[in-house]
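Below are structures written as structure tokens.
Same chain, two partners: chain A is paired with chain B first, then with chain C.
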Partner chain A sequence: MTAAKEKSALLVKDHDVVVPGEVLAQGMEYLPSQGTYRKDENIYANQTGLLIVEGKVLKTIPLASAYLPKKYDVIIGRVQDILMTGWRIDTNSPYSAVLPLKDATFDYIKKGADLTAFFNIDEYVVCKIFQVTSQNLVDVSMKGPGLRKLQGGRIIKVNAAKVPRLIGKRGSMVMMIKSATGIQLIVGQNGIVWLNGDPEQEVLAIEAIRKIEEEAHVPGLTERMKKWLEKKTGKKIEIQEMPEEESYDHRPPRRDGPRRDGPRRDGPRRDSYRGPRRDGPSGPRRDGPRRGPPRR
Partner chain B sequence: MNNALKEHINQALQKGVRLDGRKLDEWRPMTIETGTISTAEGSAHIKCGEMDVVVGVKIDVGKPYPDRPDSGTLMVSAELRPMSNPRYELGPPSIESIEASRVIDRGIRESEAIDEKSLCIKKGEQVWMVNVDVCPLNHDGNLIDLGGLAGIIALKEARLPKLVDGQADFHVHTKTGLKLSCLPIPVTVVKIGDNFLIDPTFDEMSVADARLTVTSVEDGKLCSMQKGGEQPLSIDDIDKMVTLAVKTAKGLRKYIK
Partner chain C sequence: MAYKKRHDGRKPAETRKIIAKAGVIPKADGSGYFKIGDTEAYAAVYGPHEFHPRNKHDPKRGTLRCTYNMMPFSGQGNRVRPGPSRRSKEISLVMENALRPVTDLSDCPNAVVDVFIELPQTDAGSRCAAISAASIAMADAGIKMRDMVAAVAVGMVDGLPVVDLDYEEEAWKTGDVADIPVAMIPSTGEITLLQMDGHASTAELKKALEQAKPAFQQIAEAQRAAIKARYAEAAKKVKE
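Let's turn to the complex of A and B:
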């Protein structure tokens, strides 16, 4: 083991783009995390993405990914079907969601009422995921600030892995595009984007969104986008954060203070931290004979 | 959403803008590659915006039809796979794919670009059979035009395989191609509201009131037409659409070397 430790070496740089099967590091010095794995003495990449080196921990951030429903996400869904007591919503993910009657509207719905009057098939709604079960049954709600049916406008899809960059720090990127183009814009966490406004400005906004998607992994994105938008529109743009009521952070406030100040969550997880444990026994040894089936 | 989308497209068209920022009579940026399929006798691959279509030409030896013993055959088929657009399903050919293949076929056949008589090897026994397969890899509208354009490019590139003991040897190609007497190019003009557009995207196709595909050759002669969509067209409309289609086809000829 000591010999292996001496040989430990990182074969790639921080923020490199890596591909599956690429050897990232040799030796036991480094630890695999999300999107990487250890085989024998080497650490390999599991997915195409940006490599992040945090001390000794290696992880990748995927360049492209499908959306997976997460609690408290605000998404834009398409009404897929009308059920007995609600609506089935396509969430742009492998799992569709159910919008139950009681969470759909504050109005009183009479027994036997025509549910298409509220939401019809192929209409789009802004809704919030309030439950995801272990079996990936998703429930969404329409009760909350900013949750509504979308009228008019158009829908485009973006890569779900790039949504955080498209929203920006506290919604700054969205606010920037909105103020530059003067259109209405809603970004769902599931990668569905709704725009409505002047057609030419819509085209400009989409161009900006595609540019963000393409360059999301290159640092200094906000500044670059600001300059780009200023050049395109000839307007002076100020980077501003989104007002609280429009915010994309829909998690309920934590009792022990805001999340930002809490412990970092993206450190190594226990389940992927396998290094030093190989050296010795990790649990009580089972030296004695195992117990057989109970006697009759 | 289709109604909402249609309204939105219409609103934008009032201001002379399409949803992707093009003008009404503007073609998407296009790249063309030839010879992409090594097992085909001729092939062309067109990327036009998000649309991506491959056409392969296969030339084999076969028996002629009894009523036309001295002419070769031409067959065009199109396949719309779910991989190219989630709106398509597996199964027997859909109406849309049959229409696309037949309109492309009609353009080539009626323009008499290929002299079928020249494809005869031995009268009544052996002729060359030309198969054109249109396969969109990513379907974003305007299949007929791009399939037709790729088809004619692939036919122009195609070389006959070597004939060995009455059988085609596909490993060896001769230098003889199919002698095309003209280049028929289909152009679809779509009517949405009062506006006429060319090179429609999938969304624009799905909300179109009516469409007219016009195939024309170099000198502007028309060789086939196909009308689609639910709304009727007036004589005036057809006049405008044909003029636009012929003008566009002239512009597209620069892509055929």
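Let's turn to the complex of A and C:
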């Protein structure tokens, strides 16, 4: 045991860019986490990313990835098609989502009503994912604060892996771009960004977003962006956190127990009601003809 | 007369000059470039994205789809007929088989990852260059994979075991040639592609493979450096 401990060694530094197949650490002392795996005595990277060393745990933050739907994510989706009882939403991922009628609006919708009056094809909506199955079938909802149809403005796409950097700590990066340019800005977790405001300021904001995308992995991003925006706009900018009600953290408060990770969340539901328990004191059911009602 | 010295002055186990790059196609989700001698390959990855037709869906994991294509002007002076051919379909298939063992697409069932490989110039060893380029592109796209596959041809030219045959050696006129494209997972040494054109005994094959080991490591090194260089470039720009 002690011999193995002595041999343990970290071969890369914290915040290094690592690539698949690269040996990160030798020996049993380090533990693999997201984006890394153990084979025999070594820990290897699984995905191109930024290595994060948390004590003895090694994980990577991906530098590029496609968006995969995740429960509670607030995304910007495009109305793709109109269904019998809802809308099909393009989520900028391999999986389209369904927006059911009952989760779309508080209005009363008559049977056979024209659904295009609410959301028409090619319109964009801010919506929240409330259900993802193991096969990545997705349901979204429009009931919630800040969830609405988008009118006007423009849409750009960014790599989904860069969205956390673009939002910043508690929305600080988004707030900074907003206050510097004075435009409206919504960042969907799926990498779709909506901007609306003065066209010149929109262009400036897009330039800023592209810069963030390119430099996301270089430390000191917020400070650098602050300086860059101050230089471009000539305004003094203060780094501030996003107010609670428009925060990007839409997850319900954490309950006790281990946090689950990864795209699959809900296992088979246990709370579905299946009628009264049959294994009560009456014993197992017997074969043979069913007994009729008691005679009077 | 046996082949003693290679016609271009290389040592038997020496590859041609390797250049590897990542992020060469900005619009793609990930891209790679791999040049070995006069054979060069561009690879672009798109996806995972929606998979059509639906009857090809795999509900357990995502599908990997490769498309290998030699450009019309890429050959030895004779025009390559554009479009899919029997040969390019076969190579697309063996590339998928060579890359699938390292990729983990269990997060995206029913979806597909598209890898397009174009070769503007070829001088033998094109499927190996294509696999090496595709690995870079997939790693650049952030696809989960336990390693990047490195590929190179080994072979026997008139009795001499060599690594990375060029066209002249592959079409050697005065003796027997065995051309064996090999793809390997560098971290484990597992082989994911092994084809052979010509004849070689078991002993010769083993010798040729053993001799190629440093070449695989060299290619793996170049692939990793390519992706790191891409991100180092942005970091350097920031410092200026």
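Here, the second predicted complex is superposed on the first by the 247 of 296 C-alpha atoms of A that agree within 3 Å, B and C clash if a C-alpha of one lies under 4 Å from a C-alpha of the other, contacts with A are read in each partner's own complex, and residues count from 1 in each chain.
Throughout what follows, contacts are C-beta pairs under 8 Å (C-beta built on N, C-alpha and C of every residue); 3 or more make two chains touch, one makes a residue touch a chain.
Only a predicted model underlies this, so the values are computations on that prediction, with no experimental measurement involved.
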{"item": "Contacts of A:Gln26 with chain B and chain C, given as first, second, both or neither", "value": "neither"}
{"item": "First (chain B), second (chain C), both or neither touched by A:Tyr95", "value": "second"}
{"item": "First, second, both or neither for A:Glu123, with chain B first and chain C second", "value": "first"}
{"item": "Comparing the two partners chain B and chain C, which touches a greater set of residues in chain A", "value": "C"}
{"item": "Touching partner for A:Pro199 - first (chain B), second (chain C), both, neither", "value": "first"}
{"item": "Which superposed partner A:Ser179 touches (first chain B, second chain C, both, neither)", "value": "neither"}
{"item": "Which of chain B and chain C A:Gln151 touches, first, second, both or neither", "value": "first"}
{"item": "Touching residues (chain side chain B, partner chain A) in the complex", "value": "1-2, 4-5, 7-8, 11-12, 15, 17, 19-21"}
{"item": "Residues of chain A defined as touching chain B within the complex", "value": "78, 122-124, 151-155, 196, 198-200, 202-203, 206-207"}
{"item": "Interface residues, chain A side, partner chain C - complex", "value": "17, 19-23, 35, 37, 39, 44, 46-49, 62-66, 68, 94-96, 134-136, 161, 214-215, 217-218, 224, 262-263"}
{"item": "List of chain C residues in touch with chain A within their complex", "value": "29-30, 47-51, 59, 62, 102, 104, 107-112, 139-148, 185-188, 220, 223-224, 227-228, 231-232, 234-235, 237-238"}
